[in-house]
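Heads up, the thing below is written out as structure tokens.
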Amino acid sequence: MKLGFSPEEELFRAECADWLQGQMAGEFKDIKGITTLTAKAERRKEWEQQLAAHKWSCIGWPSQWGGRDATLAQQVIFAEEYARAGVPGRVNHIGIELAGPTILTFGTEQQKARFLPGIAAGQTIFCQGFSEPGAGSDLASVRTKGRLEDGEWVVNGQKIWTSLAHISDWIFVVTRTEEGSKGPKGLSFLMMDVKQPGIEIRGIKQINGDAEFNETFFTDARCPADSLIGAVGDGWKIAMGLLAFERGVSTLGQQMAFRNELDAIIAAAKANGQASNPLIRQRIAKAEIGLRLMRYGALRMLSNTDHSKIDGAALTYKIQWATWRRSLGELAMDVLGQAGEVAEGSEYEWGMLPNLFLFSRSDTIYGGTNQIQRNLIAERGLGMPREPRGDL
Amino acid sequence: MKLGFSPEEELFRAECADWLQGQMAGEFKDIKGITTLTAKAERRKEWEQQLAAHKWSCIGWPSQWGGRDATLAQQVIFAEEYARAGVPGRVNHIGIELAGPTILTFGTEQQKARFLPGIAAGQTIFCQGFSEPGAGSDLASVRTKGRLEDGEWVVNGQKIWTSLAHISDWIFVVTRTEEGSKGPKGLSFLMMDVKQPGIEIRGIKQINGDAEFNETFFTDARCPADSLIGAVGDGWKIAMGLLAFERGVSTLGQQMAFRNELDAIIAAAKANGQASNPLIRQRIAKAEIGLRLMRYGALRMLSNTDHSKIDGAALTYKIQWATWRRSLGELAMDVLGQAGEVAEGSEYEWGMLPNLFLFSRSDTIYGGTNQIQRNLIAERGLGMPREPRGDL
Amino acid sequence: MHFAFTEEQAMIAETVKQFFTENATSLRTRAAMATDGIDRALWASFCAELGLAGIGIAEELGGAGLGMVELAIVAEAAGGQVAALPLLGHAMAARAIAAGGSAAQQGDWLSKLLSGEAIAVCEGSHSLTCTDGKLSGTMDCVPHGGIADLFVIVAPGQAWLVRADAPGLSVTSHVTMDQTRPLATLQFDGVAADALADPAAALAVVPQTGWIVTAAEALGVAQASLDLTVGYAKERVQFGRAIGSFQAYKHRLADMMIEIEQARSAVYWAACAVDEGAEEAAIALHSAKSFAADTAFMCAGNMIQLHGGIGFTWEHDAHLYFKRARALQSMLGHGDWHREQVATMILGAAA
Amino acid sequence: MHFAFTEEQAMIAETVKQFFTENATSLRTRAAMATDGIDRALWASFCAELGLAGIGIAEELGGAGLGMVELAIVAEAAGGQVAALPLLGHAMAARAIAAGGSAAQQGDWLSKLLSGEAIAVCEGSHSLTCTDGKLSGTMDCVPHGGIADLFVIVAPGQAWLVRADAPGLSVTSHVTMDQTRPLATLQFDGVAADALADPAAALAVVPQTGWIVTAAEALGVAQASLDLTVGYAKERVQFGRAIGSFQAYKHRLADMMIEIEQARSAVYWAACAVDEGAEEAAIALHSAKSFAADTAFMCAGNMIQLHGGIGFTWEHDAHLYFKRARALQSMLGHGDWHREQVATMILGAAA
């Protein structure tokens, strides 16, 4: 067990920091410090390409596909320095962290050659088509249909909560390709070009007035036959594999964003005197401890090489961060007081902390509600009986 | 809506207070301030008889049976003054509050004549035989068998968590009188003399080192045929009716005991300086508010005359007080600090507050666990689907 | 001693519930949100048709008589529909004038306020200064400050009436999280103020009125959050089952009901204690405001969670309840502050 | 950077887990509870056979070397069986002597302590006075004070060794809620004390050792509470179903696991940070002690609840875990205090 970094690793840290800080002080100054997922999307696509040009886009990938075969420690260091330099989040995080690894694991050599360079280069922005209306947390209930017709997959149906679909180039879609199949069987995993007439994107306005999520409608949308990842009917297996990638190194980057939020709360509390309120002090201390424990939980799961056993840190990670962040939003508002309910401008648009308060109500819902997470933990982690499906 | 009392009611209050305080200053001085259920049991049976001799034993009962036909306000006043005078709890509370009302509601005239005078007079102490091993919260799973033989009921089986059985004269028992019946059907409700060779009582030592609860074994235990309340097979209905009596005026007496516990915490906090700890202050304030709200919840349910609708205050009362008291135990220990973990004497026996901490862990379990309570609230109160029974 | 509605109270409850359900629709509320945060037509019919704006004001002053219990009944029903109404400020202001105004001040304003012709807002301030009858300073976060015709301002030992169009007063309305009750900043530069005749009498009724209205509104928000979620639980199917059949879901609904029942006891205890002048009124008010607001927040938060994705969309009404609940927590004293007042009553002042 | 056990650490973990499971049985623990609260035979074999009493003590001093990670592994396993052992006081005392004792003091005591021949207890005091090398005053709530041969007492800037049989020292052992670690009162009336050569060095290791042992014990208590409840959930039938099939029950188990996983991160983060002399060690220690103790209490409380009636009987082991968990919360600083230390680090001192 070792937490510190070696001198070589500290050299690597300096290299990352130099480059990232240089970029944020120079050419990409204009995007430094952005905290939302959607602001300045076009400029941030250029940033994706800049990262790629300097081989910083996907350092954990094999060098053959644009990565650096980086060690875990290097990936941890890069994520930390990325956030420390105030670089905004990756608009192609779904491509880099989900689509790419999925193709690396389940794709053919041809598919790797077709997709990976574009993703690595920041040219192909991906989004994710899993959830459907009426089947929010229930991937097995997917009803979007895919059929093979004249060497092409033809897809009809509707997806929902497609984060960032409006700025994406490609979408991966779980479709029901076996007519009449039910549950996890008969599903397939397809890669589709978003920019085609058969696909229509409509933003969903959220509680905070913003629209990060979308409804995505498929009306005879098409993709070539070889856009299928894995075999026909493998959709469930591949989707499950993909969800496991969500708990990878990207969690560290996400935590650095949380760090910024907690730091803003600490600064606000110091500024308005709430820092001397003993009740607020306890809550800030709890938030601080929770964030640190998230970091060490992530390092535990990343350090874990024994995949034969259930990884408790990984299994409990989603509900842990989502619940933590929702509480953080409440803490932010209690620190700010009534003033936190007033917008700065003349639009219904929110600064970092009130936005955190509002948006974090979705954290415990998307990507598997807290209730679904507890089912998974009890069933997979503790061997409890599964919740029975009904037949409605 | 009216919270205050009329001048006549205040006169009644003075009458109660005079008599109760007189008793606690005089003849029954030796039992003043006892807070456990079991201490000085024999002396407290004499107290039951003293109450009866002055018609204070069951003031809400009809005067025909030893009561005073007291109004709700009078019952509230009596409960308040009873506790204010430092009178210990009723060792016959099960007789007065559960057995008596059950016989009044479901018994024949003969049964009333046979049982009520003894209960009212404090001569017949009752306990309750519902729970069984393996069916803690599940009354419908009762396996104790009763059969009619030569004009007598013969009972075999085992009950558990029979509070106060060791000082009781009679027990009411839910038995399965229909061979092979399942669930709530085929149960009957019997009154049995505890002091017979067929009934054996064994104390269950609890977490606090005390033994208030018992296991009760029935081996060809007997009672006359007319000890059956209601008809054969009515056991479930009568047991459910009885459980409703639990939410009667007696709740106010129970609350006064809680008041004493909270007051002891407040006194301890003032004495040891924790009263100036802002975190403790919040928790004490919450406890105070919770206790007040219990009082007004009880008054709401007692004032409610519209029995056609679900009474939310009544339905949520058990989990509310049980959860409140369990938290109170934790608060008590945090106020006392490590010193609270040290016994005063040389035995494993606990003062009021540490005992509260330990014993209150059972409050959220007996009489229907918090989990069962939430089921009932969601199902009866909110119309949610019932939890399906299994067939194990 | 009878802690249940009288027949008259039950009738008022039914009437106002029907009124708000029929009139304070989501559509109308959203229209109000898009402008200045009140539904003027709704307020007009509330005042004129129902005549309930005069609750808590003596009949000899042109009010409807009745008391805080009836006011709570009205506020609970309004909260249940997150109605975009100036009820809170109105009740505080009208009762302050009724209690502490001179006959002239009462004559100038009460009938206008009760008829809905004028809208008043009442707010406390610790920072305004008054020199030669002229007020200076700033007041932040005044709910519905942007739509008031009259401000009733209370300060320690003093209280004033200030017309919204008084020279030197500038009112800036802000985009506010809860769009049904926008907050405003009031800037006073030597504004002529009409001192209330009996400020102590006004001060005595203002906080209690505010706490009862906010607590009762919160109770309505909480109950509506539960009711809407119960409805959804019965109709929504996930994993082939009505989601209400999932025990974890059921238990969460039960937890909401457990809190709501206590909040209900708290609100009507406080209202009743004020009406009867009971000694307990102070602790009851702090209990009611803190407990009911926290319950509203817990229930509205659960409503979002238990609706899943749809729960955090703009389209669904859950966010209206959620934002109102948050506002109710932060206005007129946070729960922690109210609990500290209770602690002071039973433990003495903090060291 | 590798935040997982090395092979050696995994081996130690397996060994101690097996040792405690086989030897620290409920029967033996209950026998110890009925007397003075330690299982002397268990301590003897722990010291002699396993040789693990020297963890955290340098090999040149006769110890086993290794560090806080290994000590945490041992304490976690001991906690998992609520073993009746003087491990906590021993580790603090031995490390204090190793760090701050003179060669003579080390020679007098270390080998006796590591072999189990003598038992030491270490405790901090703010109230003892020392005049001419003689201690006077009272120390309350000293865990296992009644069975110690040697007391290591640390005070701001000072530290002493005191023999249990020193004239003027009277030790009173109390009936204690957690009978596996009875608390004692020490009364000093001019007791000759042997001042440690380097008190600052001793002071530097005592709190960290105590917090790591208690936090790791708490982790063991929490995990065992979950494991035992999971076992029960699979076998116990209610309403015709395995109770583990009830979703509310499952979710409660899940909540325990969620906390435990964080507690595990906290404990090994703290241990590792101390071993590496990392700057974060201070915040890690406060995090670990507060989080793990609270987790143990939550899990042991849930164990009682989820066992139903049997859970609060004397016969079932649940109460042993519950009482240990409570003791772990209250000893060596309550969670609120530790969190206040964290707050001070990030917000500055309270006003």
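Per-chain residue numbering starts at 1, and chain names A, B, C and D are given in the order in which the chains are listed.
Methods note: a residue touches a chain if its C-beta (ideal position, glycine included) is under 8 Å from a C-beta of that chain, and two chains touch if they have at least 3 such contacts.
A quick note: this is a predicted structure, and the numbers were derived from the prediction, not measured.
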item	value
Farthest-lying chain, centroid of Cα atoms versus that of chain A	B
Chain pair, B-D or B-C, that carries the greater number of C-beta contacts	B-C
Chain centre separation in whole Å, for chain C relative to chain B (CA means)	40
For chain C paired with chain D, centre-to-centre distance based on mean C-alpha positions, whole Å	52
Chain A residues counted as touching two or more neighbouring chains	278-279, 282, 371, 374, 387
Residue list for chain C, restricted to those that touch at least two other chains	242, 245-251, 336
Residues of chain A touching chain B in the complex	278-279, 282
Parts of chain D lying in touch with chain C, wherever the complex brings them together	246-248, 250-251
Chain A-touching residues of chain D, taken from the complex the two chains share	1-6, 9, 69, 226, 230, 233-234, 242, 244-245, 247, 249-251, 253-255, 257-258, 260-262, 264-266, 268-269, 271-273, 276, 278, 280, 283-284, 286-287, 290-291, 336, 339-340, 342-343, 346-348, 350-351
Chain B residues touching chain D - in the complex, by the definition given at the top	131, 134-138, 140-141, 160-161, 204-207, 209, 277, 279, 333-334, 337-343, 345-348, 350, 354, 357-358, 361-362, 364-366, 369-371, 374, 387-392
Of all residues in chain C, those that touch chain A in their complex	140-141, 174-179, 183, 237-242, 245-246, 248-249, 301, 304-305, 308-309, 311-315, 318-319, 322, 326-327, 330-331, 334, 336
